[in-house]
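These are the structures in question, set out in turn.
You will see chain A twice below: alongside chain B first, and alongside chain C after that.
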Partner chain A sequence: MEEELISKKDLLELTGISYGQLYRWKRKNLLPEEWFIRKSAFTGQETFFPKQKILDRIDKIVNMKDDLSLDELADMFSPASKAISISMKELIERNIVSTDAVKTAEAFIGKSERYTFEQTLCVYILDHCLQSGEISLDEGRTMLPTFLEHYKKFKEQQCDMILLRKMGVSVLLLVPTGGEIHFESGVKIILRVDVPVMIEQLKLKLMAI
Partner chain B sequence: MGNTRNLNITGIGKSYGGDVHTAKIEGIGKFEGDVRCYEFLINGRGEVQGSLNASLASINGIASIHGSLQANRFTLEGKLTVDGSITSEKLRMNGMATVKGNCEAESFKGNGRMVMEMLNAGEIHLTLQGSSQIQEIVGGDIQVRKQRGSILGKWLQSVPGPFGNKLNAGVIEGDNVYLEYTTADIVRGGTVKIGPGCAIGSVEYKQSFEAHDSSKVIRHVKR
Partner chain C sequence: MNDRVAEREARSLTITGSSSVMGGSYDRVKIVGEGEIVGDTTCNKLTCIGTLAADGTIAGEKMSIVGTCDIKGGLQGGSLKTSGTVSVSGITRLRELGISGTIEAKDHIYAEQIRLRGMLQTLGDCEAEEFSGRGIFEIGGLLSADKLNIHLYRDCKANEIGGGVIRIRRASLLNPLSLFFKPSSSARLLVSVMEGDHIYLENTIADIVRGNKVEIGPGCEIGLVEYKEFYEQKKGAVVKDKRKV
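Presenting the complex of A and B:
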């Protein structure tokens, strides 16, 4: 996956923020270290960023920094699970997940009145995959336990979940975020889910009350 | 931090690190591992063979830290070597600091000789004594000045070589930049003012640009 990059100079010009702000946000962990990509350009060392990711993130920070403190924002963007509990009824009512996803997931994450963030995340990802129309309920059932078992092994949960299919047989795997993978011919990538992005989305939805 | 244990070395000694309230070396001492504490103090000569994490840290004398240094408030009077990086809120260094990694702080006040990979702070005030080398400096407000005074310093200035007070940098980027006696490839900023004794490859500025007569700026562009 070749990502489009943007240089620091262009980024500041495009977003209208200052060096001070950009690096304060970095120090506050609002912008992950991995996004600061150093490359040598003809002018010497230059810093580049993954364009889409950083623009999205800066847009969010700029829009929300009046309502939330920088620490609260950092908490939202960090991939670490938040300590929350929320009732499934509320999740369905607020349209965060669908009833079908909840029913499927209950077999694996257990049925309880209130859900932890991790449980909610499972349902949310399952719901996302089902909504995309690319996977069947059966595949969803094999997906959840695999995801639950392995996603924590990645540093800061920086992983992508990929579903492959070849001649009707599906395989699920977890790889580090953005990692490049190549297959034999005939293999089709059905779905690639960026887990940190899902975590961020879910946090955003949970916070918007 | 509800820990009330203290770790004091007075005279010559060593200890395992650990999680304590106060860690103190007076004399010559060594911590053979990571140290986490509320207050950290070295008077004399000390070594941490791991990382240091403290709310308040102060070093008077010579210290070397094999891991990273994290402290809300950090002051140095003397000489410091850090193999990892430094993260701090308020950082004041007087003397000589060598940092293999990056140095990040909200406010950085340095006086003396600094050698580091990258310096990143909201506010950077650097007073040069001796020759400093920082690959990349990024911040909001950046001010680099030369220590005034001493006749010996002036005399050394006339001799070419590693003497004299100066800063060697690759890239300097800030919203407000003022530089003296600095050699840099690129300076980017909002308002850029180049004081005496500088040699700059190229300056890119947004609002304003000024350069002292004795400085060399090969190329400057407004963008």
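Presenting the complex of A and C:
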């Protein structure tokens, strides 16, 4: 999974933002430090970025910076859990998660009137997987406890969740984001979920009232 | 018992003479003489005249240090004014930082505003919305600010500089500060890469300068300038290569 990189110069050209904005967003933690990849080029040292990620992020910042302050944006992009509580009814009404996902998840995260961000995230990811049609409810049931137990062990929750299947037997694993993995033949990757992306999506949906 | 008292109301801590105390949560901390604080400390106001050694993190809303302060943990909070020497091993994160003395940091320094009238040294990055410097700095990583205004008194160094408006000038002899801190006429800024929207440079030695509008003034030696809209080179500047991108 070699990511395509884009140089800083090309990025500024393509997006029309200025050096000042780029550095300001970096200072405000809207652009994570690990996206700044320093390489030496024939013109001296140059900074590169993972192309797709940075373009998506800049697109979001540019579109939303009129409505939200930079600090609010930073809060949204940060992988840290937000301190919120929301009722499940509202989540279903607002179409963030489906009723099926809620029912399945209840056994693991407990039934309560109001859900924390972490609980919501679990349901959201489960819902996402179920909606994709790739996994069965049973697999969803094994997924949740595994996810809950391990995803916090990754630095800033930078992990991917992968579901494998070989001869009908499924295996679930969590690996660092973007990590390369190889298998014996016959193993099929059913699903790969980028957790930070899910967190960001969920925050975005929760904020859009 | 300390905890219970602290819950009721934050007490004040005063050290006069020489003493060692436990950290915790205080309203005012005042040290005249020699103090040692063991553990993390939070306070509203911190005044140190003399010597303070802290082995944890210090967080204060309003801090003023005259003398020496050695912090093994991080430093965070509202404003810090120092006319002494402050050394920090952890991350420094403040709203306002006024340096008339010296600050030496092993890690990053983040602040909204940095006003430098003395010396700033860090092995990490230094980030601020506004950075105004009349003094000396040595930054191991990136110096980043929206508005960066520097008057060179002695040789300054940074690995990278980035931001919006960057102005580097020789210090004028007419500034009141110059009366007791005479600027050296050969003071230079050494930087490997500099990037900004508007850049004006004097007495700067850089490998690469990239910007929208770039003005290279006297005393500069630049390897490569890349500019977008505007470029001007003044007399007494050496630029090896320049290109419009």
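The criterion applied here is as follows: the second predicted complex is superposed on the first by the 209 of 209 C-alpha atoms of A that agree within 3 Å, B and C clash if a C-alpha of one lies under 4 Å from a C-alpha of the other, contacts with A are read in each partner's own complex, and residues count from 1 in each chain.
The rule is simple: a contact is a pair of C-beta atoms (placed from the backbone, for glycine too) under 8 Å apart; a residue touches a chain by one contact, two chains touch by 3 or more.
Just so it is clear, the structure is predicted and the values come from calculations on it, not from any experiment.
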Between chain B and chain C, positioned on chain A by superposition, is the outcome a clash or a fit?
clash
Contacts of A:Lys9 with chain B and chain C, given as first, second, both or neither
both
Which partner does A:Lys51 reach: the first (chain B), the second (chain C), both, or neither?
neither
Now for A:Lys205: first (chain B), second (chain C), both, or neither, which partner does it touch?
neither
Quick check on the output: what are the common chain A residues between the chain B footprint and the chain C footprint?
8-9, 18-20, 23-24, 26-27, 43-45
Would you pull the chain B residues touching chain A in the complex into a rising list?
87, 104-106, 120-122, 135-136, 138-141, 170-171, 173-175, 185-186, 188-190, 202, 204, 223
Note: in the complex, chain A contacts chain B through residues 8-9, 13, 18-21, 23-24, 26-27, 43-46
Spell out the residues on chain A that touch chain C in their complex, using ranges where they run on.
8-9, 18-20, 22-24, 26-27, 43-45
In the complex formed with chain A, which residues of chain C make contact?
110, 127, 129, 144-146, 162-165, 192-193, 195-197, 207-208, 210-212, 223-224, 226, 245
